[in-house]
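First chain A sits with chain B, and in the next complex the same chain sits with chain C.
Moving on, here comes the complex of A and B:
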């Protein structure tokens, strides 16, 4: 198993390298001059040139890349043009916040998704199944920023039970696992969990139905197992795929939550990316994308390793 | 309430089926089967594809979902009325009094559990024994069915074993709780010819040593004669002929049995060849014609056959045939045999 993980880590290296090149080029291929956002409109050519060489934009691209990569490998993602603070700090704080939100949302999605999926898969074509299927179609197709606003209107504006935006009462944007902060995470997490709930429910339903139709289930009954005994086998067979789907959903949520983070002013990567794009803060943009992409690569790796550990039929070597 | 072996009547037959009918929706797939399997006997069930052999076996364990199937008639195992068992009692009965060997062991094992774990699971389901005790029993079973390096093999996943070894492991699983009756549904069809024979010989040996009662579904008449004391021939959900292996093979009285024997004699004798050489095809079960179900394909069919269901006649002690023209059939068979002997192949 250890050998397998090592092997996977080696495979990942070229992928990570490619990702870094793409991240680097992305910013340089984008139209517009990155400096125009920070320089006054009437800046002289001399000032512009000075800034250019200060940020290293005057050197040829491969050299710029090498310098950038060298810094990145040392944990230096540069300085945000807009705030003047190190990008690494900004990004890691945002990543932590996003990770927390995405994890809570995935957990909610996984809980309800597997619940609905199992019920629907066991009782196919029953009323329960139809209801669960309808709910999951709704979950996957409803625009979630709209849902977020509806929830805010109901639970914050009308009922006043939950805070509408932010990550905590102090507004500082550092989430902590206490009661006050928990209240802030409920609305965005529930909103975000709707899609994974739907997707996980549909996948698990198909999975469970497929497992129940296999010959070995009849053989389990033939040796005297009751429904509970059979259920344990179904869970064990469904686990690798269900967990993989969960991992991938977590990945999607990490990368694709700009709209929800914006609606709820959640200080995560989506929020940060949004800010970086609108302020043309290129180092920040580059840094956040790189970190997010690496995160995705890592997550895929973890999902793979987990699946291999759980399913004896996958070759480990 | 747990079903122990002492609940059962000691001298009742191992399996007793009386006018057993199994239907799915409007279709009756098994249509009045009468069979008795005495203790310690092995019976082979043969017949074309779709004749209801597997359904009969599964009915004995009541493996069909309640809502979508209907079972009526007498169904007794070791004197106990299987149709009267509660859910709980049924689960205790399965695997403990009767167990089943499936045709394709790769599909009948859970792919993500080791084989050993699946055996200890069965043991611990039915008996209060420790995990290490169950493991010891599983190891002994693996030795009993002659799996090489059994200790190591217990930790194999099903896909890590060869077909023959998997079927041995399946047999070990079936024997795990010392059942009285073993149901084997084409246990060797999925295997290579040489392995088939080994598995059949193993089954026969176990049956004799452990005093098991076996019902073996097979397409292979040679295997049936080799392993079974009795042979029952099924056609379209009916048992058309039943008797000792010798009675059925050497002195058949039903035209369908004769057809099977002839197709085998002509079919180059290759083991495991499907029995499909009788012209025509079985009746549509949803639309049974009146009279004998074999009439459209029978070389002896008379007017009466198409009108009235033939009665079951006892030709000799234990040899029963459902046909109007048993004597003509037997005579035709004897004539055919002497003709074959006269012309050396």
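Moving on, here comes the complex of A and C:
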């Protein structure tokens, strides 16, 4: 097991390196001079040159990358141009809010996804199965930012039951686990959960159908085990894959929350990215994306290791 | 002499062409692989309905400049946010008093164009990378596929927004960003299908016949892997439509006053308290197209008997 974790770590290192290169190059993809956002429009050539060397933009790209990476490894993601505060602080605050939202959404998605998936897998081609399949196609086809708007129209604008935007009544940027704040998380979390519900339902349905068709299930029934006992075996066999999909979905939701966070004005990383893009705050953009991508890489690693721990038959390269 | 052999079946199945006319009288011509796929697809009501919806919307998009009931750009300050079912504005009017039906019809052009183009370009580039990596193998494969892995470390929405955020708003930049999102995904599928067939006997036979690597890749490999890759690519169109409109929704794609469903959805967000039905319409359009592409792609996959 330790050897396996080590192997995965060695495999992940070049990927993490590649991710850092992509994030570094993002700033250089941007049209115009990366300094144009910092400098006044009427800056003299002398000022520009001075700033260029102060920021290190006069050095060759690989050297700039090495310096940048050295700072990143020490936790220094640079300074936000818009607020003048360190990027790391801004991102960490937003990540917590995004993580809360994404976790609640994943939990909802996992609950309903496995429920629909099990029912559909057990009763294939029944009405329930068809309904579950239709729901999962809906989940992956619906533009979630539109679904968010529709839910706001129904539950906020028309019925007035739930608040349409924000993370809490005080307008502060932090979510707390109490009743008032809970009302604010319902709409965005439900909107977000539609995608994982569909994907998990589809996967679990296929898994359960596959497992039920295997010989060992026949053998269990033949030796007189009741349905509940068989069910426990099915769960044990489906769990590693289902949990792995859930873990990956959490990562996708965390990275893909920008649209939903924009609709609901949720103070997370999506909201931060949106601000960074439109204020041309490149260090903030770069830092947020680096943190989110690294989180996704780490999550993939954890999922892989957990999957192997749960099911020792999986020993992948 | 009237053998029941159509030109199409000869083109699809070489074996029929070699049969003598006398034998062909009693011989039921094989439909060939694509013939079978088409036959099964036609008998799938869901896929056919989805295909019909797609064709209808494509036709509306192409014909829209000539068939819109009103000028999609001309607004009226007096007739803003009319409800759905209005006598003049059948689907209501938007926040600047422009006809929603006309704007939805013209909007289909940019929305479809921005959703489909990235997948088409990525299909060409991704297949080329994947087939090369899968057929050549060895170090070429390792280098190409490990580079692809790096892009898999980004959730697709994040990558699309990161790239178009850095490149800046605009239709061209949005298409470039989305293409970059889909190339790795298609390349990975292409690589795995190609690796699966490169040890087959017919590849060895082609090698022994003296065909060059390029010819084998173009004829034997491409002919056998293009189907599964194509089906995978069609399943991406739905995602691409949602993402492309999403970029416009964020203000990173199409610029006003050009009608595009995502952008229309964004500008109508302020109207959800005044006229919720009208505000939700552009999103409904995105949803209908996206689910149609998904259902059609599912049907195609079933017809081609490809396991997911």
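Everything below uses one rule, namely that the second predicted complex is superposed on the first by the 310 of 317 C-alpha atoms of A that agree within 3 Å, B and C clash if a C-alpha of one lies under 4 Å from a C-alpha of the other, contacts with A are read in each partner's own complex, and residues count from 1 in each chain.
Keep this in mind: contacts are C-beta pairs under 8 Å (C-beta built on N, C-alpha and C of every residue); 3 or more make two chains touch, one makes a residue touch a chain.
Values in this document were obtained by computation on a predicted structure and should not be read as measured data.
**Q** Specify the outcome, clash or fit, for chain B and chain C once both structures are aligned onto chain A.
**A** Once both complexes are aligned on chain A, chain B and chain C fit side by side.
**Q** A:224 in the overlay: touching chain B, chain C, both, or neither? Say first, second, both or neither.
**A** A:224: touches chain B, not chain C.
**Q** Between the C-alpha centres of chain B and chain C, what angle is subtended at chain A's, in steps of 10°?
**A** Once the structures are overlaid on A, chain A sees chain B and chain C at 80 degrees.
**Q** After superposition on the shared chain, which partner residues are touched by A:145: those of chain B (first), chain C (second), both, or neither?
**A** Touch status of A:145: second partner only.
**Q** Determine, under the contact definition given at the top, whether A:311 touches first (chain B), second (chain C), both, or neither.
**A** first
**Q** So which one touches more of the residues on chain A, chain B or chain C?
**A** Residues of chain A touched, chain B against chain C: more for C.
**Q** Counting only touches as set out at the top, which of chain B and chain C does A:70 meet: first, second, both, neither?
**A** neither
**Q** Looking at the superposed set of three chains, what is the minimum CA distance between chain B and chain C in Å?
**A** In this superposition, no C-alpha atom of chain B lies closer than 22 Å to one of chain C.
**Q** Per the contact definition, I'd like the list of chain A residues that touch chain B in the complex.
**A** Contact set of chain A toward chain B: 214-216, 218-226, 229, 233, 236-237, 240, 310-313.
**Q** Help me check something: in the complex, which residues belonging to chain A touch chain C?
**A** Chain A reaches chain C through residues 14-16, 18-19, 21-22, 26-27, 29-31, 137-138, 140-147, 149-150, 152-153, 157-158, 206, 251-252, 254-256, 258-259, 262-263, 273-274, 276-278, 282, 285, 289, 292-293, 296-297, 300.
**Q** Taking the touch rule as given, give the residues of chain B at its contact with chain A in the complex, in rising order.
**A** Residues in contact with chain A: 61, 63, 87-88, 91-96, 99-100, 102, 104, 107-114, 121-122, 125-126, 157, 159, 173-174, 176-177.
**Q** In their complex, what parts of chain C are in touch with chain A?
**A** Per the touch definition, chain C meets chain A at residues 146-147, 149-151, 153-158, 161-163, 165-168, 238, 242, 245-246, 249-252, 265, 269, 272-273, 276, 279-280, 282-284, 286-287, 290-291, 294-295, 298, 308.
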